[in-house]
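Both of the next two complexes hold chain A, though its partner changes from chain B to chain C.
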Partner chain A sequence: MLKKSNIIVVTLGIALFIFLPNCKKGAATATLASDAASRVYVAPGEKDEVYAFLSGGFSGQMSVYGIPSARLFKIIPVFSVFPENGYGFDEETKDMLKTTHGYVPWDDSHHVEASMTDGKQDGRWMFLNANNTPRLARIDLKSFETKEILEIPNTAGNHASPFATENTEYLMAATRFSVPVPQSNVSIDSFSKGGFKGTVTMVKVDKNSGRLSIELQVLVPGFNYDLSHCGKKKSHDWCFFSSYNSEQAHKMLEVGASKKDKDFILAFNWVRAKECKDQGKAYNFGGEYVNNFKDENKPAVSTKLSGVKMLNPKDCPGMMYYMPTPKSPHGTDVDSTGEYIVGGGKLASVIPVHSFSKMMEVKDKKEHHSTEIEGIPVLKYESTLAGEVQKPCLGPLHTEFDGQGYAYTSCFVSSEVVKWKLGTWEVVQHLPAYYSVGHLSIVGGSSTEPYGKYLIAMNKITKDRYLPVGMELPQSAQLYDISSGKAELLSDFPTVGEPHYSQMIPAKLIMDKTAKLFPLEENKHPYATKSENDAKIVKLGNTTHIYMTAIRSHFKPDIIEARTGETLYFHVTNLEQDYDIPHGFAIGGAPNMTNLLIMPGETRTFKWVAPKPGIYPFYCTDFCSALHQEMQQYIRVSP
Partner chain B sequence: MKALLFQTLSKKNRLLILGVGLFLVLVYFIPIWAISISAPQYPEGLGMQIWINQITGATPYDLKNINLLNHYIGMKEIISESIPELLFMPYVLAYLIIGAFITELIPKVGMAILGIINLIIVGLVGLFDFWRWEYNYGHNLNPDAPIIIEGMAYQPPLLGCKVMLNITACSYPSYGGMILALSLVLLVYIVWDEKRRKKSNVV
Partner chain C sequence: MGLLSFLTIFACGGEKTEETPASNAGSKGIGPVSSVTIGALDQSMADRGKKQFEAKCSACHKFEEKVVGPALQDVTLRRTPEWIMNMILNPMEMTQKDPIGQELLAEHLVQMTFQNVKEEEAREILEYFRKMDLK
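This part shows the complex of A and B:
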């Protein structure tokens, strides 16, 4: 995504000057619903209508909000350590953050994708990308926990990810930063000579278990692949990737990558790609990567893998086509019918819409090709164009659909959302955003059957919106009601990290399926202690395993003796079988380890190397009961 | 009176007795009594069910959670094994059921009256035992309990609802208990019906 810094300054200066007259009108038509407060008010004990899952941008996490109240329910740690509950620190979850680069406890998470069945949200999983150290995560919506992280090899900057096909057969992951593939130490200006490459990765999702695996990679020209969306219904077989820097500039991209009038949307037939792979047209290629899987209530297992199947576009005709799209396209969004592919040219003055049927008609006709890039035919702009929304706004980025024939496009530079009609390409409403909106999201808006009703705009800047809190102000999301003819602003709310992208799902799809506890009898953790009678201390040389239980309001064993330098593993099982009674576990002054929050029936392990002699308290950190404060004990460390 | 005791049951009433016997078999498969607990921290409530041979929670975890709650006030852990009555209650029920089947063989009004007496005795003894059981749990508290409130006992009600600290406990017959009560009503009806029949015969 665009960063909130220099782009604004440069582009705003030039662009506002040109387009200001158009946009004045926009601001004038914005409305704040007169009874907005009552429409976002969810009375105590009442439940919200919609779950919103927001990626945390540079926080590397995902947060869960209720809509319309905009109340924050939970932060789900995905790619970042989370001291609050020990994610990434304890023996069960630390391997989730393993990569071929070692332990990477942070990432830059941009896109949330919901699992789908027949193009409709099914409420089973959420997927999230890690942009910095290319990874892709699966979050289970039964437990709201990260279950799996797959590293993507042969790529840099996993930005166009994870976008799902209509039945979640595959998730797409494409290179943001083209690099030498395989990696090598070459001069950076060889980028401009075609020395850098991009890859498009097809990640297979097992339809029952959700397990992730790499099916295939496609080696594509060294552009920056930015975003993706996959087709629906008639365009089911296809995914579309926007790209910029087709100039292949390698310095001062701000200027160098903005020269050409048009970059491309890459149309990728993944069904054809799989076909070519099955015909043996893909070749063995290197690439080390890891797969981290955390089974229910068990330690994560990190598996190192190597090698992928690689396919070159020229070996698989009919698999890929470039559709020229003005100018530095960012968003590429497919409408609910699967017919229209909307490009968001962040420097463009129009919103171009490609027609899938037209593309199918012309794609293999030479007279509609302008050229070919590394085996990928470039179609003529006019040949696939369904229409253009003229002068909609400044900096159009992303488009979502309400299922009623309207599209909503976010405009970064002019800080607004424009509503326009598919087919007539007429702008019908301008909605101001406060400020610098990136993605927007409609409930079910990227599925074949949007639920509609609510739209949120995810904004990067909140100057003047809230009480100032120092230099770094909160970022925000803004809620609109789009259920009637005219969209109305309902509220805005600060968010955790950068609210980069979101998937919103009707609550009824998820709320009754969430897990309340881990049944103790099903606890298969190798260090589980299922009753207080089994609590014990096992010494193995200089290592001690403490099979500990936690229940209101005590631990057992509760007095621990150790020697300096001894490694202690506290395997704590929460014996509770009551909804919402986690216990915490922390040791005073423990270095390298934070807190543990152990859910009812769960076992988690706190590793501690006994420090210098003394008495060290340990205690429950989650206010569990009237005697919570008494849930504490001591470790004695002797020389 | 003697004539009534030895009066042979009508075909309809014999069928009804058979019905009572079969009806009572159901009591093996459903709880007799239910105690429910609600408190601010248990908005969904907790429940305990007393069966002919065991005590369970209304959900797989309720009994454990009731015990966890009770440990603060020093109440003994409620587990089926600590209640010996549950060991012989199934035989008492079997006795009642067999009684119904024997009545099919010896279809006399006296047998039905015997059934009424048996049921009343079982019911009264059962209720008394239940009360005694509640009394013991509610009064014999661990003197080392974390929460001790002077003069406070935690005996649940025999029938109806009672507030103890912040907890409302309600105790009512469950389906099994209702079957036992309905059986009694049916037997009384049978005897009444037979008595009426005798009168009309005399006239």
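This part shows the complex of A and C:
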């Protein structure tokens, strides 16, 4: 008993010792810019300098903010239904949420990735992962809409995803939860006996259309694969995945998965993997999955697919190596030159930095191998190490780069961002974060040419920062100006959901390319009504198709008659050809449909089964003109 | 000038544009179109204009009666060809700055929409209006 209390006291003592000096140092060197308010103020009529795309965490969506003002511009629905505009409900978008598990109206979205050309952001697409029911999405930055969702088979917990290669040749997706591959009903104990596996999936991105397809899967040891970043320039051919639980514990992971001093960063040569596939070394493997694609102004098409090419590491020497990394690593980030691979260990007391050149030098020399795991050589820690940032903070997680030779690492436990110098590994600044910071993002910070200037920290806890709103408080992001020698805090702002990662892009790369309307003459929707003269009602047995038009400030046809039990499809085309004039469509009491927002020139379909007899009003929900309130009509339902 | 006033009054019937100052009646409006050459009626151009009109304008305009926007019968007698095209191509600025445009907005209270019509298509719509006014 006495012994136990002693241990507690000693542990506390160490914790205080470590924590206090850091805390003090952080406070002493942090600066809030004295003119912070004017630096984030964007005057009426002026525009923000940067778009910030934040993942929505448990909201399953992606949100778009302007930086530096931190104003929320838009929530883009991706993996979760969105009653505001009908995403996931209407006949056009409901198939976007189809999976092999059926219709899944929610997910947990963690990482935003920007498309790149030659390592530079190109402003074409954003990609987002679904962690819970493994999927990847492509969001078009012309329309800011989700265009495609691809399910990933043979995996569980799609966390290390969707990280892009330098030229967006591929997106990587890796298992967070190893499971039996293929799925089977086995004892959970068999995880510890190697019965569970992970997979690394290469998703090909068509360079013109952006269409997604699975190129290959690699069957890897059953660890938890956490995050990834791909190489650049000299490390172009490689992607790096952090892993934890190399202990393969299957219960009480907070103890069981923290036993070893080091876990691994998995270095994966995707060019070599493709080569092995082309040489026929991959084999046909099962796995059902779904691809959902929504072409412009057409209903989404959901396609069921089956089978992938699977590759075992032992059949493709030179493809994969493990680099030991302390301890329970979370982040793995590659600097703008492609040379340094920075690990972030949840329980590590240093920030380890691997050297790509060193890895290349030693990777195939036996004396630098400590062992091999399922055909994957394990390199010695010191052999690939470029340096360690000593005692940077508590709980270093994620690192971003400013392109000026500095790295910024978030520290979850001590709630701060540390700025340190690549090459000398010296910490030059501690910036407090409020509180419990996860990911960081610098404008262009994961590309080969960061635009620098702004950094945001995405924080998990905000108690005492904002007006209380009950038990659950918003997550928050904090904005720092990093353009001068010393980073300065400018502001903090609440966020939607719990943003995990973000990509920030200079506004000039996107703003002039955004779509303003769908040209009516190009509307290829099978139920489009391109002129009010073509508005009509077509009855086919117990189903009625209403070809309806909407324009300021009326619908046509405007009187609808139906019988109880009849299925009505309101195919509403917005005839406006004017920017920023969507029309809404909602029917009173509709039980399974939400509001629709129909963009200028777009056609969307509201399915409604006529309920008990009565008069049901429908109306436009998006204020459109002085006579908006008059944009309403009736459906009569008779027995 | 006398003839022009006469035409305006005649064309507009009881409409308020009667009160439009005579100086505006020959206005070309504000927009990309500064001069239009009008010849004999071009049937095929008018047919193309009809198609455009039906797709993009007819939801708000009829010829015989006011709906969302004003009735269009005899519009080519009330307004210059340039004014009509500028109203189609540049309705926002026209309703903000052009005296006739301002009055029309005050009367109908719905901002006319730019329907993504190209200049060539506006010319075709004008031809269709001319055809309708020859009836």
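Annotations
Methods note: the second predicted complex is superposed on the first by the 618 of 639 C-alpha atoms of A that agree within 3 Å, B and C clash if a C-alpha of one lies under 4 Å from a C-alpha of the other, contacts with A are read in each partner's own complex, and residues count from 1 in each chain.
The definition used in the following text is that a contact is a pair of C-beta atoms (placed from the backbone, for glycine too) under 8 Å apart; a residue touches a chain by one contact, two chains touch by 3 or more.
These numbers were taken from a predicted model, which means no experiment stands behind them.
When the two complexes are overlaid on chain A, chain B and chain C occupy overlapping space and clash.
Contacts of A:Ala626 after superposition on the shared chain: both chain B and chain C are touched. More chain A residues lie in contact with C than with the other chain of the pair chain B and chain C. Once chain A of one complex is fitted onto chain A of the other, the partner contacts of A:Cys411 are absent, as it touches neither chain B nor chain C.
Look at A:Leu517: by the touch rule set out above, it reaches both chain B and chain C.
Residue contacts after overlaying the shared chain place A:Ile482 against neither chain B nor chain C. After superposition on chain A, the stretch of chain B whose C-alpha atoms clash with chain C is 75-83, while the remaining options among 75-83, 93-101 or 183-191 stay clear.
Across the superposed pair, chain B and chain C both touch chain A at residues 517, 519, 551-553, 576-578, 625-627. Considering their complex, residues 54-56, 58-60, 68, 109-111, 113-117 of chain C touch chain A.
Chain contact summary for the complex, chain A toward chain B: residues 517, 519, 551-553, 576-579, 625-627, 630.
Looking at the complex, you find that chain A touches chain C at residues 517, 519-521, 530-533, 549, 551-554, 556, 575-578, 581, 625-627.
The residues of chain B lying in touch with chain A in their complex are 44, 60-61, 64-65, 68, 71-72, 146-147.
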